[in-house]
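Each of the next two complexes has subunit A plus one more chain, namely subunit B in the first and subunit C in the second.
And now, the complex of A and B:
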């Protein structure tokens, strides 16, 4: 075996490093493709949020098709590049790193609050990407702290504000109790919600925190029986343990009205619950697939997909719409697709018409769309019906 | 009864009910560990699978609950048999951590299969337990929780009797104490392993049906198994009585903590109890104190 001297080894390493640099540079240059716009995605296609991820992916694909059929964005075809994260932040970050190193990505969809908070600094540092996502966390609604992120609807505190405004209009001075899961998600709107309730002249009762993963809620229902609130707002859950909560409360003769936030509002998750779910209310930032009010984009969706599409679908559609509208404004102004330019373009969105998915034109001065409407579930119709006008809680 | 005493009584009864569910799930861990010395972390996912099997038989195939329930339990047992014969028995003689990791992997596989077959949406089971409340005097108890309590105590009671008097139960205890000695006495040790896995997994599937009846089913409902693991460690990994007492005690403590301190204190106190037990009595309250001699 021939001996390799230290000098020749160093030469070999140096040459390898140079070759890698050159090839790497070639790769970097090669993936900057002006013929397409890639929306990257860390999507939760499996796991606890899988039900939403699947719907979001479908919506983003559909919107990309709609745009591509119209000729794309400034002549660029839209393409999705995504991978499943199983709703795990470390996987989301790994997917982000992989996708952004393989594609020229300026638009991104993130799957969770944890991922958004983790990647926010990197987004600001790299200044290449505008990111929306599945999170409505109040903390993300801070343009200074999270300059490259937006929320495709009201944040959780704004959702509480919308519900509380509805309560204050329906029953002034009503007693309200919050029931929240013991998680970052669940605790998010408690303090601002309680402050808002007081400001609206409502009687703010207890805040009941349920332990993570709790199934039986008997003890919490007993607390509720003592408090006897007019309204309960649930937050931090998708479905369980809400049906059991409402069932036991009805058994005890409570006449409390129950409300939820966006991720509990898909009507299909209530279909198999039956009468217990009848009358359940909540905040929806978007129209439902089956809404009958005039909405050309809903007509288009119904034409593309003949069966019911979940609320996650509408969220994904609005996210793609905002991402691509921002990119369109940047490209039409002849600017470079940087994070700052994209965000600035997004903030110029004023009185924007979503084709009826959001029932009123909206503006995006900050990181969120502070608009929503209260819907109520009808067990007989297996539908959510609107019970309020569109409420805007933006400044 | 004054209001505060009534509230305390109701909270305690609710705690006993949810504790019974913990005990039933803990029983699945104990049965398998007792015979095979394997901590089967996939019990949580078999519990979830039991809920989905019941859903399929009762909702999709429209069988009555009394037909769907035994089928779901049998399904859980069948999974236990397949897993023991296909995955665990070939691992005999391997280190405990290797077998433990197989069960961790099995859990992920089961979650993936459930998501593939039934989707990721949370679902509700057909209502087979009446919703009308039960009152002991003035004290309210949810009927579902009462049913869970009765089912869990009856099942654990049956197992306690079987282990004491049934030939198979004695064989299982003999295998648990000394496998080589059990072999030499003519006990079919691999058969005992299979039986333990079948019964353990069937119990977990049954617990999954009860749990699903209360909170609905979803691919992540197996998280409940983690609380049951605390019960097992506190009660003693190889003690049926430990599972019952530990489950009921933890259920009551969690109910008290949730009601009088707040739900946010439940996890710290639960896992605080776990740590304290491991420090003071590492073999659990009722577990076998094994002395290892070098």
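And now, the complex of A and C:
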């Protein structure tokens, strides 16, 4: 029995190897022509960031459909070519190499800071591709160091600036504490954030660093109790351990207001937290699916998708919008689709109207869109409501 | 059918490849490795380089775990030491790349020896925990020794340069990574034809008996840790030259588990096991992408729908091999060899 199984296994392996070899050979020839514009994507459809990747994919498909229904970009149909990376940088690079060897790609979406940093030099060298992505890392907001990359929103330091400006307007001289995860993601905006808080006349308290993935935060909450801040800004998390932090702080009678950055701001992740999440605030660079202010693109999205779309969806939509707007400007000028031309075209975007996804027209002088707004979660309504106007922290 | 291998000299008896078919297959493999960059595109060359880096790291771990019987879950941290060392030397000194790579390996070996010190007192799961603890300490150093490691942002490198030639494309890097891999794997294979390798195996099989036989246990255990870490350091050094960026998150604990899985799936205690294990663990998830591609015309948005299935299939394949082939993929190779050795008769 065992012998038969082993032999069968061997045969199966051989067949799989042959099949994949044949398939590998056949797909290499499938190159795009000038009648289409391909957006490549290393997307995290599985793994810890899978929730965002799935939403981003839907948004990019939807925007491609909207554009194709309008006749495409300079007569070219838009197509998405993407694969799952499971949020692993080496897999993201593999996907990038696979897709760019199979398709004529000039526009790309990357899934992480690590991938963006790894591929940036190659993008600059090859000078063929403009890349946006899921990363808001401050380090990427450097047009000299990362000439082919953009951030489809404010970088993390700019997010902190927006939150701090809101705090300074709401309660001048307030005491602020940062709580960040011990990761590249978490530590990103600490130093510029602290400097900005001081510049705004805020009382900068401690910076509390928590180990990545920590659940027990009682020690950190005791530090908060000693500091008694008016505001806490969390960064480097999506959800855990924020509910635990807020719950314990409320039990200790602290009247601190809690804030987060973009990836903590999807209202659906707070729905099952209940009253503890009530009043949680944070920076959101885009409008929510259910916002009631006039926004023709949101109307269109609601028409295409009848159910709530997460914040990752809006991020994917804006990314596709910027990529295709840049390509449109290059093609309409009769230029070649090179990385430099695409980036230069992107930097000509001034007072751009996103159909209301970003509430104010914006310009892209550098690598980011330094605009955002503070929203607050209502546990009763199970949604985020705006509590500030749109704040632009760009120079 | 081969009925025996007549050896007429000590030289023939000591040879790595003892039969003509072995030599022919090895020649074909070497010719294939040399020809690969001329026939494959960037994607496949990228994967070939990644496989070879993993082969070096897995071979090192196989020396430690498969041959010496010392379990380590800190191998990724040793790779990180090599990567940081090479990155720092490349950025801050004008030393030639091979010297930097060697220095990265030696520094990792020194750290490995230090981490291996408790191995005289503890083994098995306890040693595994000790190596995890060591990797946490190293992670702390990578984050907080900012002047050297660049803190959480890590170090970013310009393309390496060897003999005046800049290694910009994967195609260029292949000509560095491939010979180093061949050299390292050959070195490991040679190790088990001499006193050191035999001492490692004796310690693995029964350390007390080995000591009774006169083998200095501590020295050889530390040597095994040092050698394994040297391999990890070289793999880490090549990794950073390949990706050009290293951060404290570049080598997480899951990388150590990945390498241990590669050794177990490939076959512990055989050189070919580490090679095949690394090949399997790196390539199968990628090859499964082509199955998804194949189904794309039939299933709309196949990448979106089938990506979780792909991950499950990969996991199921590992479990399947462990159930049906507990001695690893290397055993399948042995069975194929036995089959052809007596062909046309059945084994």
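The definition used in the following text is that the second predicted complex is superposed on the first by the 364 of 395 C-alpha atoms of A that agree within 3 Å, B and C clash if a C-alpha of one lies under 4 Å from a C-alpha of the other, contacts with A are read in each partner's own complex, and residues count from 1 in each chain.
Please note the rule applied: a contact is a pair of C-beta atoms (placed from the backbone, for glycine too) under 8 Å apart; a residue touches a chain by one contact, two chains touch by 3 or more.
Treat the numbers as computed from the prediction; the structure is a model and nothing was measured.
Residue contacts after overlaying the shared chain place A:100 against subunit C, while subunit B stays out of touching range. In the superposition on chain A, contact of A:324 is made with neither subunit B nor subunit C. In the superposed model, A:182 lies in contact with both subunit B and subunit C.
By the document's definition of touching, both partners, subunit B and subunit C, reach A:54.
Contacts of A:125 after superposition on the shared chain: subunit C is touched, whereas subunit B is not. Legend: residue contacts after superposition of the two complexes on their common chain; A:238 is shown touching subunit B, with no touch to subunit C. In the superposed model, A:223 lies in contact with subunit B only, and not with subunit C. When the two structures are aligned on the shared chain, A:46 is found in touch with subunit B and with subunit C.
When the two complexes are superposed on chain A, the residues of subunit A that touch both subunit B and subunit C are 46, 54, 182.
Residues 41-43, 46-47, 50, 143, 151-154, 156, 158-159, 168, 170, 243-245, 247-250, 285-294, 301, 303-304, 307-308, 310-311, 320-321, 324-325, 332, 335 of subunit C touch subunit A in their complex.
Taken in their complex, subunit A has these residues touching subunit C: 2, 5-6, 9-10, 16-17, 19-20, 23-24, 27-28, 43, 45-46, 54, 57, 61, 82-84, 86, 89-91, 93-94, 97-98, 100-102, 114, 117-118, 121, 125, 139, 182-184, 187-188. Considering their complex, residues 3, 7, 10-11, 14-15, 17-18, 21, 59, 112, 115, 119-124, 127, 131-133, 140-142, 144-145, 211, 214-216, 218-221, 223-224, 226-227, 254-255, 258-259, 262-264, 266-267 of subunit B touch subunit A. Against subunit B, the residues of subunit A that register as touching in their complex are 46-51, 53-54, 182, 208-216, 218-223, 225-226, 238-241, 243-244, 247-248, 250-252, 268-269, 272-274, 276.
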